[in-house]
Amino acid sequence: MASTGSPELLIVMAASATPAETEHVVARLQEAGAVARVQRGREATVIGAIGDRELLATLPLEGFPGVEKVLPILKPYKLVSREVSPDPTVIDVDGKRIGDGFFGLIAGPCAVEYREQTMETARAVAAAGATMLRGGAFKPRTSPYTFQGLGSEALEILREAREETGLPIVTELMDPRHVEEVVEVADVIQIGARNSQNFLLLAEVGRSDKPVLLKRGTSTSVEELLMAAEYVAKEGNEQIILCERGIKTFEQSTRYTLDLGSVAVLKHETHLPVIVDPSHAAGRRDLVLPLARAAVAVGADGIIVETHPRPEEALSDAAQQIPTAEFGEFAREIAAIVELLGKRIG
Amino acid sequence: MASTGSPELLIVMAASATPAETEHVVARLQEAGAVARVQRGREATVIGAIGDRELLATLPLEGFPGVEKVLPILKPYKLVSREVSPDPTVIDVDGKRIGDGFFGLIAGPCAVEYREQTMETARAVAAAGATMLRGGAFKPRTSPYTFQGLGSEALEILREAREETGLPIVTELMDPRHVEEVVEVADVIQIGARNSQNFLLLAEVGRSDKPVLLKRGTSTSVEELLMAAEYVAKEGNEQIILCERGIKTFEQSTRYTLDLGSVAVLKHETHLPVIVDPSHAAGRRDLVLPLARAAVAVGADGIIVETHPRPEEALSDAAQQIPTAEFGEFAREIAAIVELLGKRIG
Amino acid sequence: MASTGSPELLIVMAASATPAETEHVVARLQEAGAVARVQRGREATVIGAIGDRELLATLPLEGFPGVEKVLPILKPYKLVSREVSPDPTVIDVDGKRIGDGFFGLIAGPCAVEYREQTMETARAVAAAGATMLRGGAFKPRTSPYTFQGLGSEALEILREAREETGLPIVTELMDPRHVEEVVEVADVIQIGARNSQNFLLLAEVGRSDKPVLLKRGTSTSVEELLMAAEYVAKEGNEQIILCERGIKTFEQSTRYTLDLGSVAVLKHETHLPVIVDPSHAAGRRDLVLPLARAAVAVGADGIIVETHPRPEEALSDAAQQIPTAEFGEFAREIAAIVELLGKRIG
Amino acid sequence: MASTGSPELLIVMAASATPAETEHVVARLQEAGAVARVQRGREATVIGAIGDRELLATLPLEGFPGVEKVLPILKPYKLVSREVSPDPTVIDVDGKRIGDGFFGLIAGPCAVEYREQTMETARAVAAAGATMLRGGAFKPRTSPYTFQGLGSEALEILREAREETGLPIVTELMDPRHVEEVVEVADVIQIGARNSQNFLLLAEVGRSDKPVLLKRGTSTSVEELLMAAEYVAKEGNEQIILCERGIKTFEQSTRYTLDLGSVAVLKHETHLPVIVDPSHAAGRRDLVLPLARAAVAVGADGIIVETHPRPEEALSDAAQQIPTAEFGEFAREIAAIVELLGKRIG
C-alpha cells in the first residue's frame, strides 16, 4: 500500500488533457531531476513530483497545456517555519525581550514632532513600564499635502530619548538610501505595512545586524507575510518580529479589520515572535484598549501602541493616540492579562 | 509509472502525523468503500482516495488527528458542470431565448410602484427591443423603514403588462410561502442576491417548472454560486440563468465591485447561461452603460437593467435607474456590441 | 454664529450643479415637510435638511440631477441604538443571563446527530458550567449532497436534553414555515449568518416572544447587522443577542476573519449584548481557545462554541468542534479571563 | 435661505458633546484662519468649516474631544482632478498616443529573459500593431527563491528592441537607486502595483521628464490611486497613465478581481488616461481576451498584455502569457471593439 518519497507538488491534469500532454509534464519534471508518479483515472489524472523544492518552484507548470492546477504540498517558506525550527525565537535588545513568554510593550508617538513632545512621551512610557520606544522619523502618508516626518532631526531626538530613558528605539525605514542613517540610531528597524512587499528594502534589512519589526501589509496574506520574512532571513538576519496591524475588508466601522485569527495561525506556523498594533487597526482611541487586551489574550508576544501628550495636537493619526497621562493605567490593564496568561512583560 | 483510478480526494498528513494516524484515516476510507493509496515521504505523507464522490464528501476527514488538509480533486458540483454536460443550455420562454448565441435584454423598474409607471416602462422597453420585463413585487430592503414592495397587487400589474406587451415577466421570490402566487405570474423566477444561499428557497424553485434567474450573493464565491445552482438542479429544474451583480470589496467608489472575470470563469465551468446586472453593481446611472457594454464584451449571455420613467421619483434605487426615455439609445448601443460578438438579441 | 435645528441629512451638490437643480432639491425637501438650509460656495453647495427622520430616509435624493452625495448625519437605526437607550439590555432565560456583566457560555454540537451524542454533550457542558446548550436541528449547508440536519426529530432530542440538564436551548430557525415548531422548543431562536438579511424571517422572530440570537452574515457590515436587529425590534421583540462569527476577506488561513474590532464598536453603538462564535470563524479546533479568550478580552458578553464527544465522527464541521472531554478545561480557561474583566458567567 | 462660502469640511459632534467641546473645535478652526459655522440641534451639532484646503487637511480634528466624525466635502486631490482640469490628457511618446480617443496597445513579455525571446516578441507585437513594448528588467517576486529579473542586462536588450522595432519601451522602476539607469532606457516608467504607495518612488518619477505608468495596488482604492498620482503630479510631472490590474477580494477563481467599474469611475474623476492589465488580473491565458475586450468596452484608453514566444518556458507568470503566435489574432479582436467605440489604436 505504501511507497517512499512524498510528493512535493501535485499536478492535476484537466479532464480533457491528452496522454501526450501528461507525458510532456512528466518529461519536463524528469529533466529537472524530479521523480514523477502518475495516477490516471476515470475523471482526472494526477502527477506527484518529488525533487528539489526550490527547483520545482521555478518550473512554470501552470502554463503547460492540459494542466488544470498545481498544488504545492510543502510550504513555500522554510527558514521562518516552525516545522523546520520548532524553538521559539526570542528577540533580545539590551535585555528587553520579546518572544517565548516575554511580552514586549512598545509605545510612543506616531511621529516625532519636536523634542519636548518626544521626551515627555518617552519618560511617561518608561515610567509606566514600556519596554521599547516607538517614534516615526520618516512617515509614509497617503496625501502629499500632509506632514511627512522630521527625518534626520527626528533620529537625533530619538537617540536622546534612548540616552535618557534607556528604552531601545523602534523606528521605520522607508528608503533604501536611508539604511545607514536609520540603522545607526534604531535598535529595531521597522518595515511599515506599505513596504511589506518592498523586496529591496527587505533584502537591505536582511543584511543588517539589527532586529527587524515587519508589519503586515493591509492586504498581505499570512503566507505572503511569512514569505516577506523569508526574504529578510535569507540574507542572514533571522531577528524578525512580525506585526499584525489590520487588513482591508468591506467593513468601514473600524479603519482596518484587526485579524487576530492570523496571530493564532502565525504562532503555529513560525518560530518568530508576533506582536499586534491595535492603534492603526482601530483608528480611534476608545477601541485601543479592548483590542490590545484581545491581542494579549489571543497569544501575541507584544503590542505596539501610539501615545501623545496632547493627541488633539498630533500632526498625524491624532484620533488614535492614547493621551500619555492615561498610559500608566493602560499598561496596568495590559499587565494583568499578560500575567494571567503566564507571561511577563519584557 | 502509471496506475489506474484517479484520486478523488488527496489527504495531506501533517509532518508530525504518526503512522497510526495515517492508518486510521486509511481505515476510515476503506470502511466507506474507497480505495486509499499512501505515499510516505521525508516531509509529508499524502493519501489519495478513490471512491464514491458523494460518500467521500460526507467524511469529516479534516477533523481526524494528524490530517493537515484535504484537497478535493473533483469539483463539488456535477449537474451544472460543463465537464459533465458540455452543450450550452438555452433558456427559451415563449420564443425569447438566452444562451448559446442568444442574448437576453431584460429591463424594467426596480420595483412595481403603481400601474402607470409599470405599463409606461413596459411599453417603452418592448418598443426598444427588450426581450423580457423585470419588476419587483416583493422587495428585500436593508432598512425596515423603507418601501417593501406592493406584493400581490404588483403581481397583477405585471400580468397586465405581459398581456399588453407580450414580454415574459421576471420577478423575485423571497418567501417560500409565496411560491404558488409568484410562480403563477412569473415566467422566470428570480432568486435575489440575499437569498442566493437560502437553500430552502432554492429547493422550492427546483421543484417548480419555471426557469430560475439566480443572482450571485454579494459575498458568494463562484464555487458557492455553482453549488447554489446545483441545489436547484438537484430537485429536477435545470432551467437556470446565473447572474453576476457585484461583490463586496474594500472599494467604495462603486456600490459593489462588478466581477466580470467571474463571468468569464463561469462560461468555462458551466453550461448554464450567465447574465450581468450592471445597475446594482454601479449604484449610479452614468456607470450603467459602460458596465453593460463590458458585460457583453466579456461574453455574458444577457443583461438585466433597471429603468424608470422618472428615476428621481423612484421609491427604491433611484440613483441607478435609467430614464425610460433614454432606454432606446441604450439598447442600440448594446445591440452594436452584441452583433460584433456574433450573437443576436433574444 | 449658531442656529437651532441640526441637519439630519446633508446633501452635497456637484460642482457643476445649476441653481435650478439646487432649488429643485430644496423644493422636494420642503414638500416633505423638512426645513432646508443652503450654503452656496466657490466649489460646492451643501444643503442641510431637518425633518422627520423616517420620511427623509424615503426621499430618493441621490437620484436627483446635480446631487453628488447624500450624507446621513443620524444613524439609520433607532430602537437598538445606545444613544437612544443607554442602559444595557440583559437577556434572562430562566435565570441564565447575558449582558451587563453576565457572560453567556453557550456550548453544544454543531448539529444534533442522534440522541446519545446530544445527551452526552449536554451533560458534559452542563457539568463544566455552560449556561446554555446549542444544537442545530435544521442545518443550512453549501452543498446539497451533505447532511441537512435531523429536523423535528432533533427538536425532540433537544427538549429532552433541556429536561435533564436544565440548560436553555439555542437552536436555529431557517424557514418561516417552521416558526411554530421551533419556537415551541427553542429558548433562544438563532438566526444564522446566511439569513442575517432574510427580512421575512427577522420579522417573524420579531413577532415571537423568545429571545433571538442574531448572527452577523459573513459579508454583513456592522451597520447592516444593526439594521437587521432593528427589523426584529420594530416588530416588538427587543430581546436580541448579536453574534460576531467571522467575515469573508482575502485571507485564507482561517475559514473567516473574526472581526473583534466590530465587537468593540458594537458595544459602543448598541445596548444589546454581543457574543462571539470562535468555532465557525476559525474552522479548526486549535484556534478556538485563543480566539475565545480574545473575544472575552475585547469585551464580548458571551461565546458560543461547538463541542462533540468524538469530533472526527461529526457529520458537519468536524474540524472545528472541541472534544467534549476537553471542554471542562476550556471552560476554566475562559472563566479566568471573564473574572479578570470583572464579569461573571451567566 | 442661502449664504455664501461652501464648507470644505463638515465636523459632526457626538450627541454627547458639550458646548465647550464645540467651542474648542471652532476656536481651533478660527486659529487656522478658517470660518466656522455651527448648526446646533436636537440630536447633533454640525460645524461647517471654510478655509484653506491644505491647511484644513492638516488639522487633527478627529482627535478632538466630542468630535464624532469629520466629513471632507472636497476631494483630497487636485492636479489630477477632472473638475479642476476638464480636458483629457494625451500621452504622446514619439507619436504613439494614449488618451482622448487614442487607444494604447502595449504588449511584451512579463520579464526580459534573454535576447532572442525579447527580440522575437518585439518583432511579433510590432507586426501585429502594438504601440508600445513592455518588458520587466527588475521583477518584484513574492518568493525570494524565484527569478528576480536580469536587471541592467535586460535594459540593454530593451534598448536594442526599440532600435529595431521603433516601439517605445515600458519598463518598471522598483528602486530609487536605479532611477538614472531606468530613466535612460525607458520611454514610459512603470510603477508596479506593490509600489503604488511607495511615496519616495512616486516623488522620484515626479521629478523625471518621462511619462509614468502607475499601476493600482491590489488593495488600493480609487481615491488612494488618485492620491498616488497626485504625488507624482505635485513634483511637476503630469504625464501619468493610470492602470487597473485587479484587486484582492474573497474570490479565488481568478488571481485578482478586475475592477472595471473603477475604470468607469476614474474616467469621470480624472483627466488622466486609464488603461487595464487583464493578464495579471486573470492569471490564466484563456481569460485574457474576454477581459481585454471588456476593458475596451468599459472605456479604457488602452491595455497592457503579456506575450511570450513559448509561454510554458517563461520564467515568470507562465500561465497568463499569450503565445506570440496568437497575438496577431488577439490584436485584431481588440481593434474591432476599439473601432466600434469610435477610437483608434495609437
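Every chain is named by a letter (A, B, C and D) in the order it is written, and numbering of its residues begins at 1.
FYI, a contact is a pair of C-beta atoms (placed from the backbone, for glycine too) under 8 Å apart; a residue touches a chain by one contact, two chains touch by 3 or more.
No experiment lies behind these values; they were computed from the predicted model shown.
Visitor: Give the fewest steps needed to get from chain A to chain C, where each step moves from one chain to a chain it touches.
Guide: The fewest steps needed to get from chain A to chain C is 1.
Visitor: For the pairs B-C and A-B, output the one whose chains share more C-beta pairs in contact.
Guide: B-C
Visitor: Could you work out which chain's C-alpha centre is the most distant one from the centre of chain A?
Guide: B
Visitor: How many angstrom lie between the CA centroids of chain B and chain C, rounded to a whole number?
Guide: Roughly 26 Å separates the two chain centres.
Visitor: In whole angstrom, what separates the CA-based centres of chain A and chain B?
Guide: 38
Visitor: Scan chain D for residues touching two or more other chains and write them down.
Guide: 219, 248-250, 252
Visitor: In their complex, what parts of chain C are in touch with chain A?
Guide: Residues in contact with chain A: 219, 221-223, 246-247, 249-254, 257-265, 267-268, 281-282, 286-287, 290-291, 293-299, 336-337, 340.
Visitor: In the complex formed with chain B, which residues of chain C make contact?
Guide: Result: residues 54, 57-58, 60-65, 76, 140-148, 174-177, 194-195, 197-200, 203, 217-219, 224, 227, 230-231, 234, 248, 284-285, 311-316, 318-321 of chain C touch chain B.
Visitor: Which residues of chain D touch chain C in the complex?
Guide: Touch residues, chain D against chain C: 1-8, 10, 12, 15, 26, 36-46, 48, 50, 71, 73-74, 83, 248-250, 252.
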